[in-house]
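Worksheet for the structure shown next.
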Amino acid sequence: MQAGAQWVGGLLLLVAAAAAPFLPNWVVSLATIAFANALVVLGLVVLWRVGLVSFGQALYYCIGAYAVALMGRWIGFTDAIALVLLGGIVAGLTAAGIGFLLARYREIFFAMLSLALSMILYGVLVKTESLGSTDGFSVLTPTFFGYAPHGAQLSRALYWLTLAIDAIAALFVGLYFRSVAGALAAPIRDNEIRVEFLGVSVTSIIHTKVVIAGVLGGLGGALAAMTIGHVDPAMAYWTTSGGFVFVTVLAGSGYVAAAFIGSLVFEVVRSFAVDVMPQLWQMTLGSVLLLTILFLPEGLGSLVSRLKRRVMKPGTAP
Amino acid sequence: MLTASAILTDGLVYAAYLFIVAVGLTLIFGVMKILNVTHGSFYAFGAYGAATAVGIYTNGDWNAALGFVFMLGLAMAIGLIMGIILERGLLRLVYGKDEVVIVLVTYATFLILEDVIGLIWGTQSYGAYQPMISAGNIEIGELVLSNYDIVLVVIAAAVAFAAYWSLKYTRYGRLLTTVIYDRETAAAFGINVTLVYTVTFLIGAALGALGGAVMAPKISVTLGIGVEVIVLAFAVVAIGGMGSIEGALVGALIVGICRAAAVHLMPQIELFVVYGVMALVLVARPYGLFVRAQPRKI
Amino acid sequence: MSTILEVRDLEKTFGQLVAARDINVSVPQHQTVGVIGANGAGKTTFINMITGHLSPTKGTILFEDKDITGKPSREITGLGISRSFQVAQIFPTLTVFENMCIAAAIAHRKPGMFGNIMTPVRSAETTAAAEAAIELFQIGRYRDVTANALPQGVRKLLDIGMAVAGSPRLLLLDEPTSGISIEEKFDLMNVVMSALKTRKITVLFVEHDMEIVARFADRVLAFYDGTVIADGTAHETLDNPKVQELISGVRLKAGAHA
C-alpha cells in the first residue's frame, strides 16, 4: 500500500474509464455490476483483515438497492449521485445500529448472526406484497443532475459513476488501513487483551469496521440497483452474501485492488459459466473456494506479493 | 381455543423437525467446534434418499411400516457414507485452522454438494407423500391431526431421549462429555480424540439425513431445500446455545411455537419471527440460553 | 513526594472464595515496590483490580487522587497506568518493530471520537517513539523478527516496552522474570529497571525470586491469604519473622543479601 500502488491503481482506473466507449454495451454493464459488487467485497476485506467473515453482507447491499428503488417509487427521485450516497448512508446507519449487537461477537457467531440478520430482511421483503414480494419491482431510470441519458449512454454514465465511487472508496479504505484503527486489525486478531490494555476499545474498533463495511455494501447495492434496473429480495439472500464472501477469500486481504480485480473475474466467469454449464456453477465455485483455502490461504493477492519478493530479492526463497 | 391448540400442535410438530435437524449441528459444534454448513447437504441428501426409497417401496407394493423404516434407513446410510468421506477425506486436513476458515470449507463443500444433487437426481422435484397419506388422520375434538406428525414428534422425542441417555450413561457418551468440556485434557488422559471426532461427525451426519428423511413426505423435495435448513437450524442452536443438546431442544420449542403462532395470527411475519426471536434472545444472552460467556483469561 | 496510588479497604470475592481483603496501600511517586507472596495469595488479583481487569467487590482505588475503582482497563490505561503480563501479551504475527509501532501509535493518537481513524500508524512521531523504545529495552537485534519466534526474555522485554510506550506514570509488572532462566533474570531486570528509571515511572512488580526483590525493590509488600501481612523496606519485610514463616523462599534468600 505504498504511493506506487496508488499510481498504478489510478492508471488502471483511467484505462478502464477510457475503454468504455469502445466496448459493447453488455460488457460495460457487466463491468459496472462487477465494480459495484467490488465495493461490497472491499467492505468484507476490511472485516476479513480482523479475522471476521460476514455471511450476511447482502443485507447492506439490499438496503442500498431498495433505498434507491423506493425513492423512485415513492417520490420519483432519480438523481444517480444523490441516490448512491443515500444508499450508502441508509446502509451505514443500519450497520451502526446492528453494530451494537454484532461487535460483541467473533468468529462463527459473527458470521452466522450477520447471516440471520440478512435473512430477517429477506423474510420481510418476501412477505411485503406492496413491494412486489419475491418478484421485487423496477428502478426508475436514473438521471445525472437533470441529464437523462438512454441506452449505451446511460450504461456508460453509470459505469463512470461506479468507477468514480470505487476510486474514492479505494482511496479512503487505503487511508483507513494506514490509520491506527486499520492497523489494529492484525493485533486484534492476535491478542485482544493486549489491545485493550494499550487503551483501545476493541468493540468500538470492530463496530467502526462493521459500519465501514455497511456503507460500502450500501453504495454497491445502490449502484447495482440502478444498473440492473430492478430490485428483488434475492439481493438479501444468503447465497448473494456467499458470493461476496467467495470473492473476498479469493482476493485475499492484502491489496485493495484485489477486491476489484477479483470481482471482475468473478462476474466474467459467472456470466460464461451460467450460460455454458449452469448445472456445474456452484460446484465450480465450491471447488475453487476449497482449493484457495487449502493452497492459497492468503488469497490470490498473495501471489503478487510472493512474486514481488522474488523479483526484489533474487536468490532468496520466499 | 381452536387456534390456541392448533398453534400448540403445529408448533410442536415444527419443533420436532427443528430439533432433529439442530441436534446434529449442535453436537458437531459442541465436540469439534465446527459450524458445519454441510449439515444442509446432509438434510437434502436425506430427503432425496427418502424420496428414492419411497419410490422403490411404492412400486414394489411393500408394507407401509416396512417402507417407512426402509426410507429412514436408506437416508441415514447415505448420511453416514457422506459423513465418513467428508470427515476423513477433507475436514481432517483443516483441523486446527481458524473456526471461520473451517466454516468456509464446509460452505465450499455445501456448494459442491448442491450441484452433486442436481447431477444425481436431476432438476425435477420429487413428491414422497405416500407415508404421510397412508398414515391417515386422527380427530381429537375439532382438531384434525396427521398420524405422521405424531410419529414425527415421537421420533424427535426418541432422539432427545437417546441423546440424553447416551451422554449420561454410556461409555462413549461420557467420553464425549469429557471432550466437550476440555479437549486437551481429554487427549492428555489418553482419550482417542480423533476417533471421537469421527464418530461424532458420523452421528451428526446421520441425524441431518434423518431430518431430511422425515420431512421428505411433508415437502416437495427439490433443489435448494438444504439452504434454508442450515440457517433455521443455526437460529435454533444459537437461541439454545451452541453445543448444548438441551439448548437445541428448548430452542426448537421456542422457534416452533413462535413460528406456528405467527402462521396462525400474523402470516406476514412468519419468516421474520424466527430471526427476530433469535436476535432478542442474543441481546439478553449473547451465547444463548444454555451457554455462559467464558471469562477471558490473562 | 506525592502519592500516586492509594488503595483503601480493597476486597474481592468470587462467590465463597475471598481472593483479596482489607488491602490498604499507599504508593508515593517514583518508588519501586516489590510484591511477594505464594501462589493464590492475592497478588495478581490485586494487580488485576488496579488495572481494571477485575472489578473489586469493596473498597476504593485512587490514582493521582482520581477514583478509578471498577473502571474498564482501557480507560485506566488512558489515565496513565500500564501493565505487563505473567505470560507476555504481544502480537505474535507482527515483528518487534511493528508491535512497538502499534503501541506507540496508540499512545500518540489524536484526541476525540475518531482519533483511531484520524491518526496514521506510521508517522515520523510514532516510528521514532517505537525505535526509541526498542533501543531503551535493548532489543534492537530483534527489530525485524516476528514476535512468535522471539526468545522468552525478549518477549518479556517487548511486552514491558509496549506497556511503557503509552508513557504511563505507574507500571505494574506481573512476574516479569517468570519463565526466564536464573542466569538471565538479573540482566533482564537490570534492563527493565534502568529503562523505567530513565522514564521516571513508578513501578509495582510481582516477583517470586527474593534475590531479585531484595536487589530491585525500594519497598516490599508481602501478601498472604488475600491480604498484606508486611509492608516496609525490602529488609524489613524480608526479615519479618511472620513473612519468613508464611512465605516459602524468603528465609533461604533473605540472609544472602544482608
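Note that the chains are named A, B and C in the order they appear, and that numbering of residues resets to 1 at the start of each chain.
Operating definition for what follows: a contact is a pair of C-beta atoms (placed from the backbone, for glycine too) under 8 Å apart; a residue touches a chain by one contact, two chains touch by 3 or more.
Everything quoted here is computed from the prediction, not taken from an experiment.
**Student:** Using the contact definition stated above, find the chains touching both chain B and chain C.
**Tutor:** Looking at chain C and chain B together, the chains touching each of them are A.
**Student:** By count of C-beta pairs in contact, what is the leading chain pair?
**Tutor:** A-B
**Student:** Report the chain ID whose CA centroid sits closest to the centroid of the full protein CA set.
**Tutor:** Measuring from the global C-alpha mean, the nearest chain centre belongs to A.
**Student:** Compared with chain C, which chain's mean CA position is the farthest off?
**Tutor:** Result for the farthest chain: B.
**Student:** Approximately how many whole Å separate the CA-defined centres of chain B and chain C?
**Tutor:** 50
**Student:** Quick one: report the Å distance separating chain A from chain B, using the average Cα coordinate of each chain.
**Tutor:** 32
**Student:** Taking each chain's centre as the mean position of its Cα atoms, how many Å separate chain A from chain C?
**Tutor:** The separation of the two C-alpha centroids amounts to 44 Å.
**Student:** Residues touching two or more other chains, restricted to chain B: which are they?
**Tutor:** Counting only residues that touch two or more other chains, chain B contributes 298.
**Student:** Any chance you could list the residues of chain A touching two or more other chains?
**Tutor:** Each of 193 in chain A touches at least two other chains.
**Student:** If I count partner chains per residue in chain C, which residues reach a count of at least 2?
**Tutor:** Correct list: 89.
**Student:** Spell out the residues on chain C that touch chain A in their complex, using ranges where they run on.
**Tutor:** Within the complex, chain C touches chain A at residues 51, 72-75, 77-78, 82-83, 89-94, 101-103, 105-107, 109, 115-122, 162-163, 165-166.
**Student:** In the complex formed with chain B, which residues of chain A make contact?
**Tutor:** Listed in rising order, the residues are 51-53, 101, 104-105, 107-109, 111-113, 115-117, 119-120, 122-124, 126-128, 192-193, 238-239, 242, 245, 249, 279-283, 285-287, 289-290, 293-294, 297.
**Student:** Which positions of chain B touch chain A when the two form their complex?
**Tutor:** Residues 35, 90, 93-94, 98-101, 103-105, 107-116, 118-119, 123, 227, 231, 234-235, 238, 242, 267-272, 274-276, 278-279, 282-283, 286-287, 296, 298 of chain B touch chain A in their complex.
**Student:** Going by the contact rule at the top, pick out the chain A residues touching chain C in the complex.
**Tutor:** Against chain C, chain A makes touches at 176, 178-184, 186-187, 189-191, 193-194, 196-201, 204-205, 208.
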